[in-house]
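What follows is chain A paired twice: with chain B in the first complex and chain C in the second.
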Partner chain A sequence: MTGEAIAFYLLAAVVTAFALGCVLASNIVRMALCLLGTLGGVALLYFLMAANFLGAIQLIVYAGGTLIVIVFGVMLTSRAYGTKLRVRPLEMIGAAVVTLALLAGLTAILVRTAGPVVSPSTPDFGVAQIGTELLSTYLVPFEVISVLLLAVMIGAAYLVQPEKK
Partner chain B sequence: MLTIGLTHYLVLAAVLFCCGLYVMTTKRNAVGILIGAELVLNAACLNLVAFSRYRTGRLDGQIAALFVIVLAAAEAAIAIAIFVNYYRLLSTIDADEGRQLRG
Partner chain C sequence: MANFTVEDALRSRWSASAKPRAVRTFAVLGIVLAVAALGLGYLASSAPGAGYWLAVLGTALAGVAAMTCLGAAFVIQFSRLVGTWLFRLAFLIFVGGLVGIALLAWVPALLYEQVDAAVADHYGAGATGVLTVADLEAVGWALPTDSIEVRRQGAVGWAPPTDSIDGRGKAVVGSAHPTASFLAYALWPLQFRLTRDILALVGVVGFVSLLAMFTIWWERKVAGRMQSRLGPMRVGGWHGWAQSMADGIKLLQKEDIYLEGADRPLFKLAPYIAFMPALALFLALPFSAAWICRDLDIGLLFILALAGIGVLGVIVAGWASNNKWSLLGAMREACQMISYEIPLGFALLVPVMTTGTLRLTAIGELQAGGFHTWLAFQSPFTLAAAVLFFTATLAACKRAPFDLPEAESELVAGVYTEYSGFRWSLFFFAEYAEMFAVGALAAILFFGAWYSPLPANWGAAWLHGPLWQRALYGILFNGPLWLIFKGFFFLFVQIWLRWTLPRIRLDQVMYACVQVMLPLSMLVLLGATFWALLVPHGSMLAVVANLACTALGVGAVLAIIGIVFYGYSNRRQLVGTLAIEHWPGS
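Let's look at the complex of A and B:
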């Protein structure tokens, strides 16, 4: 058993456990904490796939930025903290049946159509290549997404401004 | 089984996707639904990077995953702004309470 396989199975177990924690937790703060664990595990999987820059970005932007926004949202909207939001058992059973059926179907298809296991022969890409690609091949999406970020910033600030008297 | 290939990553992403789907359908808290959406987006990102690593051998999958991460951040910011307004209006974060529409 190679080191890569051991690392993959370990990380897969961690990611699955945290994702299941998200599913089973009824407290929203615990859900956010489990999401942090999942995001960290996926970032380590990116490192395992030699996508070092993407792993770092995942840790900085996702775990550092998006998750903080979510935690702020939890704090701003949970004044009625003690009240639990109940879910009817029928809804939970229905959702579980549909989800498990989807998972079984997806897994069966993926295992049946698995091609030969090829070891990746690609070189490890550096940050310089990603930068060059972003500013040459993917220049238009890059510019569009920067405009989108500006629009999101203005829109979010506009949405949460206090009501006028 | 012992050599890690594309299928391993795809199955893991399927598990992550199904967890996110379940969270999105069962949680009543609107922020919980957002957390489920983040799980689903992570599963998609994992797929993109795995295909880039094991099939195309180019950078396109990684760059698409980069765009997905940026879009997820933007989505979370807008969603939280909407939830804050929702909470101001209805004094609850229960997603099932927002039933009335006014033009």
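Let's look at the complex of A and C:
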């Protein structure tokens, strides 16, 4: 077993543990931190696969995202009264259906595309190449996503406006 | 000095209470044990079976005990003789030690750089060829790299010293120059990535610890002088230089308190979430083109990502404390961080767009040609971006005037209220480490990185000269010393601002971000884009803008020097006589 494989299995175990913690915790701030652990672990997996740019972006985006989840968690739930999140049986069945469908889909994709996993061999595959590709080959999807995000931002800003009397 | 200080305590323990009797006892005991060890060793050489192993064990134990006793006797006697002088000269010894360590670390690094370049010449950048001790000797004596004979042996790494045998089967080691051979042996382990990584990690941890201890003392001295006080004066003798060490010992001894209602695991974890990223970002922070642990192609993004995680530690700390003041501090921190990340990001995009890379060493290398080539002076927009970046990092580091999460006057101590001892000190280690890191980042991105204001090509001839010329080149033109100097300069500006500006209210913080800095940073980004598109490098407009911005920068530096001289010449009115009398050298 190579060092890379050992690191992968260790990281995978950590990610799984944090994911379980995220589902099982009943306190929203702890949940958010477990989520951060999961996403950070995935970022480390990216670093392990020499996808440095993806790893760093994962950390930046999700660290900020988790921050906002924590803020909402603190603002929306009051610790003083010990609010705990409980799941009703009906909700559990719905969640099970959705997750099983997702699992089946992912497994199908994995089985179909599974091949020998190779480490990236080109040393110059870096952030510069990603930037060039984004602004040449994938320019249209990139711009579409940008416009979509802009629309989302405008919508959010419109929604939080105080009502005019 | 009437007060009893750490110095007094140490002195009394080592010199006053340690009577000559103790020395004699230890010395006699040590000699007896040493004789016993020798006797047992003699027995061991002839005893059969189990007796042999017993005798060996006895020899080892007696030997260790003898060395301990003799060592103790020596230490006590030594401190009795020089104890008083030791404490009087402690500061000089401390500084001398630091300089010595720095030089010791530097010379092998310079040599190593040369060796690495030789390998790269032969095998291409990034490859590790096979060099022998003979090659290292050649490098040690600064011969031209052409004379280095590199033999490829298929193995990775240089051949170990024992393998270096020349064509006639004669060992090369130690044949020509004994000193060079010694250097070669000393440098040989440096070829391994593992050795270099361990050295780098130890260096980073050591640097961050020393940095935090020094900066806390420095900040207290600066604050004192700005308020016509003296600051710490007692511990260590010379201007209280050992104050941070004494504080550190005190903090380590304190009880680790947590509240009944606190979220215990998160409360205990939070200081580490704050501290570890602050430490880890030094792994990607270059101190010079060669002095970097990992030269990532996304170095800038990596540092930003880690800084973002460090903020979470502060917020978790505030939440887990289960205290209104702490929670308010944490919410302020979150609010401030989310808002100021945007202008910070826009300001960072400007140098990235100008240089076209996220690799910090590459950005630094572009600014080698003297102070007019520094990135901040390239166009009005890069200069504005530098100012915006510095302001936004003040908010990101929770420094005044944006130190709302701590806000001693309103929130007791904000997020740090419930912390004590070691965990409390971790937050401050993280804060000072981040302060230096953003200062160094400002220097790398905008102010010439590790280059001095002199154009580096003036010293190009020295780069291939003998060792002393290369060392001088490292001091005068290009080297980690310059980055550390610039980092400390920006650290000083942060301290200076903290003790000059009042803390602003939260709504003012948000106003400053959303209404002022955000539009400004967008304008700067837009302007920098059009500048890059419309103003070709070397055109009339570019040259004029470069000259004007450089003049502005030089003017700012001259103004600071002028203010310092004005302050010094009017020191009796400005600082008061108490501080003047304790001025160093007066």
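Assorted remarks:
The rule is simple: the second predicted complex is superposed on the first by the 108 of 165 C-alpha atoms of A that agree within 3 Å, B and C clash if a C-alpha of one lies under 4 Å from a C-alpha of the other, contacts with A are read in each partner's own complex, and residues count from 1 in each chain.
Here is the rule we go by: a contact is a pair of C-beta atoms (placed from the backbone, for glycine too) under 8 Å apart; a residue touches a chain by one contact, two chains touch by 3 or more.
What you see is a predicted model, and the numbers here were worked out from it, not measured in a lab.
Judged by the touch definition given at the top, the superposed model places A:36 against chain C, while chain B stays out of reach. In the superposition on chain A, A:111 makes contact with chain B only, not with chain C. In the superposition on chain A, contact is made by A:128 with chain C only, not with chain B. Of the two partner chains placed by superposition, only chain C is touched by A:59; chain B is not.
Legend: residue contacts after superposition of the two complexes on their common chain; A:155 is shown touching chain B, with no touch to chain C. Look at A:70: by the touch rule set out above, it reaches both chain B and chain C.
Touched residues of chain A, counted separately for chain B and chain C, are more numerous for B.
The residues of chain A shared by its contacts with chain B and with chain C are 53, 57, 66, 70, 74.
Only residues 1-2, 4-5, 8, 12, 15-16, 19-20, 22-23, 28, 31-32, 35, 38-39, 42, 45-46, 49-51, 53-54, 57-58, 61-62, 65-66, 69-70, 72-74, 76-78, 80, 85-87, 91-92, 95-96, 98-100, 102-103, 106-107, 110-111, 114-115, 117-122, 125, 129-130, 133-134, 138, 141, 145, 148-149, 152-153, 155-156, 159-160, 163 of chain A touch chain B when the two sit together in their complex.
Only residues 126, 263, 266, 296-298, 301-302, 304-306, 308-309, 311-312, 315-316, 319, 322, 327, 330-331, 334-335, 337-338, 341, 356-358 of chain C touch chain A when the two sit together in their complex. Put simply, chain B touches chain A in their complex at residues 2-12, 14-23, 25-32, 34-36, 38-39, 42, 45-46, 49-50, 52-54, 57-59, 62-63, 65-67, 69-74, 76-88, 91-94. Listed in rising order, the residues of chain A touching chain C in the complex are 27, 29-30, 33, 36, 40, 52-53, 56-57, 59-60, 63-64, 66-68, 70-71, 74-75, 79, 123, 126-128.
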